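First subunit A sits with subunit B, and in the next complex the same chain sits with subunit C.
The block that comes next holds the complex of A and B.
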């Protein structure tokens, strides 16, 4: 598939039409994350309009979107930017484009679910801080968390942890299958 | 008697200790039976659907399908906005998108028909009959306690999934808070995202989101922020020392070593206590601070509650608040 086809496909999957956007900027104006982003939601839609898939996939915006849906809620044309951003993120990952910190967090999170069936917040934060090389992030809350027994020290897996692992494995295989069918 | 299948969410086992105790207290007092979904698993939160669409739908669907199997007549309810968003989306996708429904069923290896609803606590507490029971169960009322009701983004949006009527200025929580005698303030950040999803992996970009919400609530004259989600709750209160320090640094131009946050605490007027809606209700219904473990809050809440319940004597205050 060439780049334009891929872009069309991503938009179709997200049910977004780039020509619906008339660049009014309500999305970026209301986006809570906009000041930390490079393109912002409006920039994402502009890039889609001019066919600049590359700049979308390499932007920080697709990784920083917090999925709060404020943009689509306020959009006069109901352009579902978060859905399009999600599709763009999957495409970026298929091409091996990742934002390191996000990748570390998400992989650690999923490893947690695989191991225990539930998320263990202290292990998540600890492993994230180690692998993302941010040893002191949120460290100042740790004494409070421990002294008030807010985080269980010993993680307890749920009984169906094998079931959860099998579901994740099957879901990942299905994702690959869907991708192959499309191509 | 109202009965629901209950999805507690991972936070209920750790950081949301006091909120979980308050939930049990309040739902017991108003006579709502919450039946915990047997052996529920994590909904995957932000990370699962970021990595893979199907994993992001299959994890919440596992809990939902178990609820459907064990309690075919019960709707599912959860007290966490993040869990709610994922459960509700899985439910919505299975109902509306045939491809997604097929993928979910294949991944689960068992059927899930999505015939029952997914609700959050606000939906239930807003029912007229429940409000009437709340009014009867309330034993003591707050006086002049100004509260800023913070709904969180995912309890409300995306609107086509949640069915929320008013996304900019919802009133459901304000109307419940009023029953306790609290006075809700008018403020601008009711449904603004607090950035909880990226506080780990994009700390620099998300910290200002939370700081802005806190500052807006304080500027609106609120004594306390009320939340309807343990993620919002933790995110709004755990880094208040950091935000106060940053404001101070901006004012004086002097940098302070960040790890000193552990020992140097800000002035009380520089922070704002955060309570969950059910904690406020439980206190009004007579639960004491020890019973609710209110001492687990990062920003102490005893002072503001004592001030709100000014009719109490010193011993009662001590018993009631930690």
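The block that comes next holds the complex of A and C.
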């Protein structure tokens, strides 16, 4: 394997040392996303300690991390877990390990932005539920959200949707270029 | 040329396996000044030493080189041997061919060459060695103990029992320290006050102990055996010679301030004793809260005192005393968690308290008479969470170390809670449970049996929901987040050096480590001594420890003090700095660099610089033989080369270096 894609290299890039972590769990204890995660930030560090890169790259944790940095703020050893998670995401993408629902969300989200210049939550949820094959997910909260006006029904596109589309197109061109250069 | 004898040791096979000892010995024979060389299996053994003594007689040897192990190992052995032979014991050099040759090299040929070089250097130096004589310094047979906690109390009692006079200085109005604040002690759950107050009374009644409470050490001068210490007796405003401690003044005093002893859970008057069993049991006036001293109005205590003890004109008083030895027992304080832990509420929630506050809460002589209640509303908590390692094991908050006592302290708190509240639930959040002590693991077992629920995970945050506090953490053994609704949260906070311990260390010249703990001379083999001769350590000032360890260490420090004070005088090392008066320019660079405060500026007659050459007194560096440790820093700082280290004069060292290039 290319040495640029080893666990050690990813940790070095994130400036994270697995031996700094003594598994106290203060990170996972306060993580706002912990309930949906499989490993949680402490589990990510534990996997790193035993060299289990595969389980990190295949975990839901790396995709659910919101990057709020509460874990880093509270960590007694200042271990920057989100920075490492960020590197793990790149590596997972490179290896083509992308969870179907994350992929669907990303695509739906981008299509949404292309169309309106900003995210329309109702359509985002609807398309996500359809393509992720989870048609009933969160359906019960819909009436409440609509009646309290927490979610708009009508899309509200921004002015200059074309500009946003141009930005996305440019980013995609750059991304393609980078990929070609790397290969 | 001097008659030098060289003796090369095999050290069994330790040296002989890596160095050709016989060849090295032969080579030594042709070195300048050498009249005799021999090798032997164990030079340090009885027959080995006899062999050297015989050779000294037979060949009339005047100087000796021994090629063997490190001088740290056997230099003293051979010096003692030389003393018997009549040769000055400082006319000896050790060539270290074990640690610096045999143990670090594989190539026998090259190792032998290096050994020969080292021997040649030692021979060159020994020819330049001069006979030195150690001085005898007298010893003042009195000891000073700084700090009146359990460590200071124990050390003072042990030294006094051995027949030496002790002065015990305590800055609070009473001795007792942290231990008397505790309710019970692990692992036996005996009452802390019941076992410590008899010792406090012993201190006040002991004929050999002079107790100076409400006093501080202001200045320390001198050296081992001969310290002169300035002690400041803080103004008490109460004449303790006639006060009987009746307590009438405290009862009537109208001023009320939060009691630090009760961790702010209750108030105390301005004229107060720390606690009912205080020693001395006589009050002092806290000048910062006394209405009379602040505004001139009041004077109630003066009117009420039947014996006329009150004196508002009292002032701080300083006096000096001489001591031969000093024991530092300045102890600890608990870390101010509210300054560090925003995620635990930073002190905004009154029902999040630290362990020492809980001790006052659960103590029968405390503000609630031992009823565990929530400080916020006075109700009895039904669920209590205990959080360990608050401030400890947390490098980001500045303390990487483990405070050692908190694991047991937390278990003890759980047991105390179970004993007082029917049907209570106790959760203990931990990272590791550390119980390395006699009966400690069994205590932990019993705590779980009693019903304490241990949750492995550091609490990430505490927040409030209505009236209850939520401790949010990960149960890391399950890998799941947990939220524990708690009525009361106890934080087992870190120990840190007591405020002012750094300044005491500074006065003594003793070193402190990065966390502020006083540093022992050797972590294993000299645990109660400091690098400063005559200054010893007892208790937590050296590092976190529990009561059993503190008392053991205090007795150990006392044993060292007794050993020192039992001598009438002691030998000082002659290998110290020496000033050549004519060369000294009086610049005082050496005074500034000396880490032991051993150099002062004296005066000697001389002539003024410039044309008129008037006779004047000019400054000159003077070395105190008792304080100088022979480190040599001054010899480097001296710009005129006036200071030399006896035994390591510059020309001796240079001779040694030159010998390498012949």
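A few notes on this one:
By our rule, the second predicted complex is superposed on the first by the 138 of 183 C-alpha atoms of A that agree within 3 Å, B and C clash if a C-alpha of one lies under 4 Å from a C-alpha of the other, contacts with A are read in each partner's own complex, and residues count from 1 in each chain.
Keep this in mind: a residue touches a chain if its C-beta (ideal position, glycine included) is under 8 Å from a C-beta of that chain, and two chains touch if they have at least 3 such contacts.
Computed from a predicted structure; not experimentally measured.
In the superposition on chain A, A:101 makes contact with subunit B only, not with subunit C.
Partner contacting the larger number of subunit A residues, of subunit B and subunit C: B.
In the overlay built on the shared chain, the residue A:77 is in contact with subunit C alone; subunit B does not reach it. When the two complexes are overlaid on their common chain A, residue A:22 makes contact with subunit C while staying clear of subunit B.
When the two complexes are overlaid on their common chain A, residue A:35 makes contact with subunit B and with subunit C alike.
Overlaid on A, the two complexes show subunit B and subunit C touching the same residues of subunit A, namely 35, 70.
Within the complex, the subunit A residues that touch subunit C are 22-31, 34-35, 39-40, 42-43, 70, 74-78.
Interface residues of subunit C, counted against subunit A in their complex, comprise 343, 389, 393-397, 431, 456-461, 472-476, 479, 481-482.
Across the complex, subunit A meets subunit B through its residues 32-33, 35-37, 63-64, 66-70, 72-73, 82, 86, 89-90, 93, 99, 101-102, 104-107, 109-110, 112-113, 117-122, 124-125, 128, 132, 134, 136-141, 143-145, 148-152, 158-161, 163-164, 166-168, 170-172, 174-175, 178.
By the touch criterion stated above, subunit B contacts subunit A in their complex at residues 10-11, 13-15, 17, 39-42, 44-55, 57-59, 62, 103, 106-109, 153-154, 157-159, 167, 191-193, 195, 197-206, 208-209, 238-239, 241-242, 258-259, 261-262, 293, 295-296, 298.
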